[in-house]
Every structure is written in C-alpha cells, then in structure tokens.
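Below, subunit A partners subunit B and then partners subunit C, in two separate complexes.
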Partner chain A sequence: MAFAQIAIIAHKAVPEDTLSQALLLDFYSGEIKSWSNKVPVVVFDLKPVGETRELFYKLLGKTSSRMKSIWLKKLLMGEGEPPAALESEEEVVKKVAATRGAIGYVGKVKVTGEVKIITVVAKKEK
Partner chain B sequence: MKFKDFKLGAKLAIGFGFILVIMAGGNIFSIRRMTAIKNEINEITANRLPRTLAIADLNLNIAALRISQLQHAFTTDPVAGKRQRDMMSKLIDRIEKNKDTYERLKNESETRKFYSDEEKELYAAFDRRWEMYQDLSFAFFKLLDDHQAQKAIALLNGEAQEVFGAFSAEVTALANVNKKDSAKAVRRAETEYRAARAITQTLLIITIVISAFLVAGLARFIAVPVRQLVHAAQSVAGGDLQVHLKIDSKDEIGNLAHSFNLMTASLREARERMQKTQVQLVQSEKMASLGQLTAGIAHEINNPVNFVSANVGPLRRDIAEVFAVLAQYDDTVATQQLQEKFKNVETLKKTLDWPYLKDEINNLLDGVQEGAHRTSEIVKGLRSFTRLDEDERKPADINQGLESALLMLKHQLKNRVEVIKDFGNVPPVVCYPGKLNQVFLNLLANASQAITGAGKIFIRTVCDGEIVTIAIKDTGTGMTPEVRKHIFEPFFTTKPIGEGTGLGLPITYGIIEAHDGNIEVYSEPGQGSEFVITLPVK
Partner chain C sequence: MLRFRSRVVAALLSCGLAPLGAQPAGLNLKVFGYFQASFGREKAIDRPVELKSFSLQQLNLFLQKDLTPNWRAFVNFEFVNSYSSFRNWGAQNLEEAWVSYRRSEQFNLKLGLQVPTFNNLNEIKNKTPLLPYVIRPLAYESSFNEIIALDEFAPTQAFAQAYGFLSARKLKFDYAVFVGNSPNINSDPEAGQTGVDTTKFFLAGGRFGIRTNTFKLGVSATLEHLDFYRGALRLGYEPSGFRKVPRLRFGGDFSLNAGKWLWESEFIRVIYDDDHPVLDLDKEFYYGTLEHEWTERFLVYAGYWVIRENNLPMEDLDLFALTTGAAYGINETISAKAQYGRVRFESSTLSGIEGRANYYYLAISVVF
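Right, the complex of A and B next:
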C-alpha cells in the first residue's frame, strides 16, 4: 500500500489518535473546523513537489483539482480559506509541532518526535 | 465404411447436420459481427456523444466563470458582489458535475476498451490546466480581498486569459478527438456490416449449393433405388421372374433389394419345379392310362392269338395227313387202271397246278405261324411294360450293368462304333438290376442303330452322394422336336415296320419311374442324341 509511505501528523496536544478517511477529508475540505477539545483545526498542505502530496490526495480519494474546487467554493461562500501550502515536508513537521490544533501529512521517514502520528482507519463512509 | 453403406436415417442426419452446422456457423459469425456493430453504435450514442457534450458544457461553464470573475472585479456593491459569488459557486458545482459525467462515461468506455490514449492524455492535460486556473482564481480573490482590484483584473486578463485560452484549445481538441474516433467507429461499423453481409451471402449460396447436392444425393440414394424396386415389383407382378436388382448399398433399401432378389429367385425356382412336376405328372398320367389300355389290349389279343398259335400246329399235322391220303389216292389210280375214271380229277389237278397248291398251303401255314409268334412277342412286351414286380430290389453296380449291356451288343458295335467310357466312382444303387440292364441295353441299342456307318457312343456316370447320373450320348442322326415329343409313347417308332415294336423307350421310361428316377432327352437332327438318367442311390 502506497499509503504506508505517508504519515498523518498532528500537534502533540491534539486529543484524537485515529481518524477515519471520511473525517480526514472533512478536516481538509474545511467541513470540520475544531477538534474534540474545541481547539480550532489548522490544516497544512504541501506544494506539488515530490510524490507525497499525490499519495495523500489518493488517500483522500480526491484529485487536487477536485480539492481546489471545494476550497474555491468555501472561499466564495465566505466559509474559510484554503490550507496553506508549504514548500517542504520538513517545514510541515516544524509548523505542525509549533501550531496548536495543527494537522498535516509527510513521508513516514520525515516524522520526528515533535509531532504525534494519527492513524487513518481505512473505513469507507459515504 | 463408405457413405452409401450408412443407414437411411444416418444419411439424412449427416446431410442436414452438415447444412445446419454451416448455417449455424454463419449465423454465429454474423451475430458476432452485428454485435460488434451494435456496440460501436451504442458507444457513439450512449457514451461518445454525451461525453463530448459534457466537455463542451464544461468549456462553456469555465468561460462563464471567467466572465463572472471579471464582472465581480468591477463590482463594489456588496449585495451584487454576494450574488455574483453565489453564481460563481454554482458554476463551480456545474463544472464538477460536468467532470463527474465525463469521468463516469470515460470509466465505462475504458472498461469496454473504447477510450483512446490520446483522449486520456488530453483530459489529464486539461485537468492540470484547470488546476492552474483554480490557483490563479485563489490569487485573484486574494487580490480583491486586499482591495487591489486593478491587479486582480490584470491577472484575469493576463495569466488567467492565457490559461483559459490553452484549456479552451484542449477542450476543442478533446471534442475533435471524439469526432475523429466517432468517424473511425462508424467506418469500422461499416466494414463489419460489409463483412457480415458478404459472409451471409456467401453462406447462403453455399447452403443452396449443398442443399441442391443433398437433394440430388437423396434422389440417388433413395428415390432411384425405390423406383428400380417399383419397376422390378411390377415386372414380377406381370410374371417376369428373371428380374434381378443391382443395388449394392448396405442401407435399408439395399437390404430390401437383396431380399427382393432372394424372393424372385425362390419364386423362379418354385415355378420351374412346378412346371417340371407338371410335365412329369402329365407324362406319368399318360403312361398310366396307356399302360391300362395296353394291359387291356394285351389281354384281349392274347386269347385269339392263343387260338391261332395253338391251332396252327395241329392244322399243319392234319393237312399233312390229308396230303398223305391224297398221295395214296394217286398211287391207287396209277396201278388199278382207273385212269379213265380219274381222268377228270387229273385234269382238275392240272388246272389247279396241284404241286404249287401244296407248296402254297405250306407257305401259308408258315406265315400264320410266324404271325402268331410275332403277336405273342408283342403281348410279352406289353406285359413287361405294364408289370415290373417280377424280381426283387437289391444293391447293384451301375457301371457293371453298363458293361454287361455293352457285352451283349458287342457284335453290333464291333469295328463300327467306338465306345468312350467315363465311369465315375458310383456306389451300389438299390434297384431291380435286370430291369436296369434292360434299360441300358435298350438305350445302347438305340444309340447304335442311330449311327449309320461309323460313329461314337459316350457313356458317363457320376454320383454326387445321393443321386447317380448316367448319360448316354451318340453321334447318330438325332431327332426332330416332333419325334422327341413322342418317343416315350408305346408303339411310336421310326424304324421300318416289323423291326421295332415301339415299346423299348416306353418300357425304359416305366422302369426309371419305378426307380423314382428321371430320364431326359437332348437331341437335335444331325447332332446326335443324349439320354440322361438320374437315379436316387437309395
């Protein structure tokens, strides 16, 4: 499974340890705006460099243009901005570690002890 | 095993099966071709056309989105702005729906292998271009939010314009690819249709030709022999038993023909046997009545002939005594001078030619005696012809019997007739040996008499286990059919009167019949005659 190569990471204080695929999509499309402890969700995306971003979108079950349509609509409805797209995976790790309620994705090899890993349950929910 | 040796059912099944296989094969082939055509047409109407429409609609919606964005950049009224943003959101929804429709159709088409790599690449390029436009849109809205409307408009008219132009071209290319592929599909469908039509027509012709051959074959294998059978049956009904069918197939008709041939053969045999029996029956009936007649005649003649035979001797003696008395008279007249008185007697004697008279009386008596003798010989013959119960049956050697008959005729044959014997290994035959010897003697004597001057007699004996065949053949004068017809009738003879009694062959016939045998004659004038006797061994 290509998904085994990527890891979903979050800020240490985030209470959740697992997320379903559908919930992960809801976080990224801006449907869910806060964690269970009311801390607002801060989503990080990657610029289209390397294959990590591509693998992540496959995990979400959306193409990047589909995700962008969702964000564009949210923006037009005044329901939120698209997530910030960072230059590198190292930066993602750094930002997630430093931001309360942050969530992002990186290659498994890039994960450090500064962040917590969230397991994605590959349960389909439609 | 040849085709003609199969049963009728098998022949029919093979013929019709062959046609059926060809027709089924042709149909399956045509149906497959037609299915291919149907699939092509289905693909065009149900997938390619809606797919192209979705892409065209997508292009229109993106164009509308760009126009809305431009309008929005110039709008300052927040209410109008809000309405425009709603409008743009709806356009994005429509674009997503267009993409949904297209991708669904694309997946369907891909599973059916109708989706081309060229279109796949074009669509991927288009999607990347669309993503670029989305990125520019984010930048555009950010500029508007930062109240930099002029820069936002510049972005839309600059970079975004270029991107839009590029993907417009890509959408057009996509539509063109579909148009081209549709045209190709139509051409393919046309080719398939022509192939199917050609195959169907060819098969139709082949089927017709094979059917024609099959019908001709059936006619040959069934109708023709049946017609022969019908003709043959009609011939048999008309009495012609010489019919023979030449049908050598091993099917039911062949069996029928074979049985028919056996039937006519046995009918033929039965009829021949019947005719033969009839001839024999008529012959023996004739002989029986002739036998009765001759027995009666023999009996009736016997008595008067006995008078003559019995009376001639005493009469001769009596006349001799009368002559002696008369001689005494003559002596007396000469010595006692009664000449004058007897002068008249002497004159009478002279007138009557007395010595001649005496001779004549003796001659007449001789004649009467000879006649009586011959008549009694005939009566003896007639008796022999009617009665065969004189001696006993016992086994006898046929070849030996022939040899003894030849011995009796030795002086007749000597230096004149050559006898050629071909005696087979013949077992003793239970018979009346004396009677059979009489038969052989009769036949050999006849053969010898038939030969004027020098000639040959062939004697042949054969035994096939139960039947002994004795054939006596001469190189004599032969017989006309008319003569041949009557030879077994009593008193029929071709010999001068007084030489043949006309009883030899009727007696022979009676003897052979008494032995349960058969006698046949083969003869032509100038070709000699052959008598063939068949006798059962027991």
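Right, the complex of A and C next:
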C-alpha cells in the first residue's frame, strides 16, 4: 500500500483520531474550517514536489493543479487563503506541533512524538 | 505638486496601515489582485474585415480584511478593456464591496454589493486566472458587452446572500439565495437619469445543487420585474402593458471531474412574461467545455457555445462558437493562454445578416 508510506499528522490537542478521505479533502480545500471542538483548522502543505506530496494528493483524489485551482478560487472569491507551503517535512512536523488546530502530511519515517497521527479512511488504491 | 501628492499619499498610507501593524497577523489588510493582457486577431471569413489589437482585458484589485474571526470585508475594483478615462476607453467598475459572516459551513451571509451565485460561472466569470479561456463563454465575456447584453443572461449584482452546504456521506447539498435590485427604469441618460432604480423592484434568486468529489450539478433561477414603457413608446406600442414585466431566468450547470479530465457545461434560459403578440425578448445560452490536464502546468480544452438572443420585432441574433485552446502555468502566479475560435452568427431580421469569423487570441494572466 503506497499510502502507508505517508502519515497525516495533527497537533496533539486535536480531538479527532480518524478522518474520512472526504473530510480530509474538505479541510484541505477550505470547505470545512474547524475541528469538532470548534478550533480553527490550520492546514500545512509541502512545497517541494516529491513522492510524499504526490501520494498525499492521490489520497485526496485530486491532482496538484486541481488543488491549486481550488485554492486560487477561494482566494479570489474572498473566501480563504491557500495553505502555507513549507520547505521540508521536518518543518511541517515542527509547525504542526507548535500550531493549535494544525494538520499536515509527511513521510511516515519523519513523524516524531511531538504530533499525533491521524488515521485516514481512504478510498481503495487502484 | 507631484512630490506633494506623493507625500500626501504616503502619509495617508502610513496612517492607514500603522494601526494594522499592531494587530494580530490574521487581521491585517490584504491587497492583491490579478490582470490579463491579451492580443487578438479577428478575421471575417466572407468579408474583407480584419481586426488586430492588444488589450488589458481585465484588471481587478482586491482589498480584504478579517474584521473578526467570523466577519470579513472584501472590496473588488475592476478595470476592463485597457481602461483609460483620458482616452475614453474601457470601463471601471466597483464590482464588489461586501462583508461576510461565517457561522459554519452550513450558513454564511454576505451583505453588500456582490456577484450572486448563479450556475457555475457567474461568480467567477471575471476572475480570469481561474479560467483557461482568453475569450470566455459568450454570455460571460465582458469584452463583448457592446454586442451581447450580458446582464440579460445572468444576474450581475445582489446585495444580500445566504449560502452554504449540508453534508450527507459523500454528498454535499449546496444552497444560495439572494436579493438585490432589478436593473431597470432609471438608466436612461436621455431622460437625465442614470444608475439603478433602488426604489421599486427587487431581484430574488438562488441556486440549489448537489456535488461529490467528482461531479457538480445545480439549478439556478432569478425573478425580477422591469419597466419597458419607454421602449414601448419608441416602438409605437401602448405603454401600459409594459410596466412591471416579469423576467425569469432559469439555469442549469453540470461539471464532471474524472482524473485529468474536466467537463463543464451550463444552460440559461431568459423569459419575459409580457404576453405581447409581437414583442419577443427571450434568450438562451448553452456552453460545454472539455478540459484535459496534459501535465501539472499545461492543459488543453475544446468547447462549443451557443447564444440565441431575441430583441424582436427589432432584431434577433444567433451566435455559435467552436473553440479550442491551451493554458500553461509559467509559475505559481503567471499563466500563458492561447485560444482559437470559429464563430458563426446569423440574424433573420434587419438585413438578414449572416457571417463567419475566425478568432485567434494570446494572453498572459498574472496574480499578484
């Protein structure tokens, strides 16, 4: 399972342990902006093009250009901003650990004890 | 004088922005926007008519500020067709100025001047970076405002809108309902009246839709009343039957996203319920576009657009456009676009005009 190589990570105070693939997409596309405890969702993306990023977009069921188009639409409609794209997976872990309500994705080997891992109920891989 | 003005502007800016600097980062004023510059060549097939022109098709400047975590203010200044008041070219427009309240994804409220939700393209028709086109589907192409009555097809303004969506498993049910003014009688410069009548009639409308991760389907409608008595007088009709004529717009939109393929389509039907035996102002518009993402940066598309516009007994016009094009993302904020269109138009009234033309366009689209 290729998706097993990536981990969805969140700030430790985030109440959810499991997310559906659809809800993960809703967070990343800015459709849903808060967790179940009403804390705003802060989304982090990864800047460098690589396997982790590619697998994550595959998990969302969107191409990266389609996601960019969704974010640009939110921006130009005055409804939201694109997620901050960080330079490295290590930086994603640090930011998620330090930001209340944060969610991000990294390769499984990069996960540390500072963050919690969210299990995603994903679509079947083809 | 110029230096003095610059100093005044700088002082005003620093006064305006200084207090913002003390606020939390999320509450700062944001200034951003986009523009699209194009070069077009239009050549009639049956006649020796050829036009070539550069144009700054669109420039939009946004001001946005989060007033609280739930309230946001947004202003959109628009300049089209190489706007210059000095040369009497183009147009400028206060396109949007609204404040929004977000309670949850189920309920949002937008108050103030805004472009209402209608079908798929209406809200984003002028947001050129979101569209692969240089020339947009005809009923949404503001560059053609002189030959197609764009505000007949889709509502251009509303002043209050509630919108949101409800989720049920993988389905989302969208709704948007809005009210505004109907654009009507007080827009006749000959009568010394300009602007929109804010005293008489309301526009009401909305869109209801269903969507998943892969498809989107919606129906839209608006209802408003218009006064035509001046036009009726000019045509020699008894004007009493031309007051408060109901205008209904019906629309439908369907989009399907399958991997690297995207299909988008819409129809709009405009009906005037005037019960007059001769007068026919009904209109129709259809478009369908198939897009393929060749790579992450490069996409190609092909589409077919149809407009049927009646202004009978004076004239009618049918326009058919077959178009294809490509867009290439040079980087995150700059895109290059190319488009070819073959347009056929025919009119059965007046002198029975019929013609065909080829359109070639190149453009650069920039978000800043």
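Descriptive notes on the structure:
Please note the rule applied: the second predicted complex is superposed on the first by the 121 of 126 C-alpha atoms of A that agree within 3 Å, B and C clash if a C-alpha of one lies under 4 Å from a C-alpha of the other, contacts with A are read in each partner's own complex, and residues count from 1 in each chain.
Going forward, a residue touches a chain if its C-beta (ideal position, glycine included) is under 8 Å from a C-beta of that chain, and two chains touch if they have at least 3 such contacts.
Small disclaimer: the values here were computed from a predicted structure and weren't measured.
After alignment on the shared subunit A, the placement of subunit B and subunit C results in a clash. Touched residues of subunit A were counted for both subunit B and subunit C, and C has more of them. By the document's definition of touching, neither partner reaches A:50: not subunit B, not subunit C. In the superposition on chain A, A:77 makes contact with both subunit B and subunit C.
Once the two complexes are overlaid on the shared chain, A:33 sits against subunit C while remaining clear of subunit B.
Once the two complexes are laid over each other on the shared chain, residue contacts for A:15 go to neither subunit B nor subunit C. Contacts of A:65 after superposition on the shared chain: both subunit B and subunit C are touched. Stretch 131-139 of subunit C is the one among 131-139, 221-229 or 239-247 that clashes with subunit B after the shared chain A is superposed.
Overlaid on A, the two complexes show subunit B and subunit C touching the same residues of subunit A, namely 63-66, 68-69, 72-73, 75-78.
For subunit C in complex with subunit A, the touching residues are 32, 34, 62, 64, 69, 72, 74, 76, 96, 98, 100, 102, 104-105, 123-124, 127, 129-130, 165, 170, 172, 213, 257, 259-260, 262, 293, 296-297, 299, 329, 332, 367. Taken in their complex, subunit A has these residues touching subunit B: 63-66, 68-69, 71-73, 75-78, 82.
The touching residues of subunit B, counted against subunit A in their complex, run 85-86, 88-89, 92-93, 95-96, 99, 127-128, 130-131, 134-135, 137-138, 141.
Touching subunit C in their complex are the following residues of subunit A: 22, 25, 31-34, 40, 61-66, 68-69, 72-73, 75-79.
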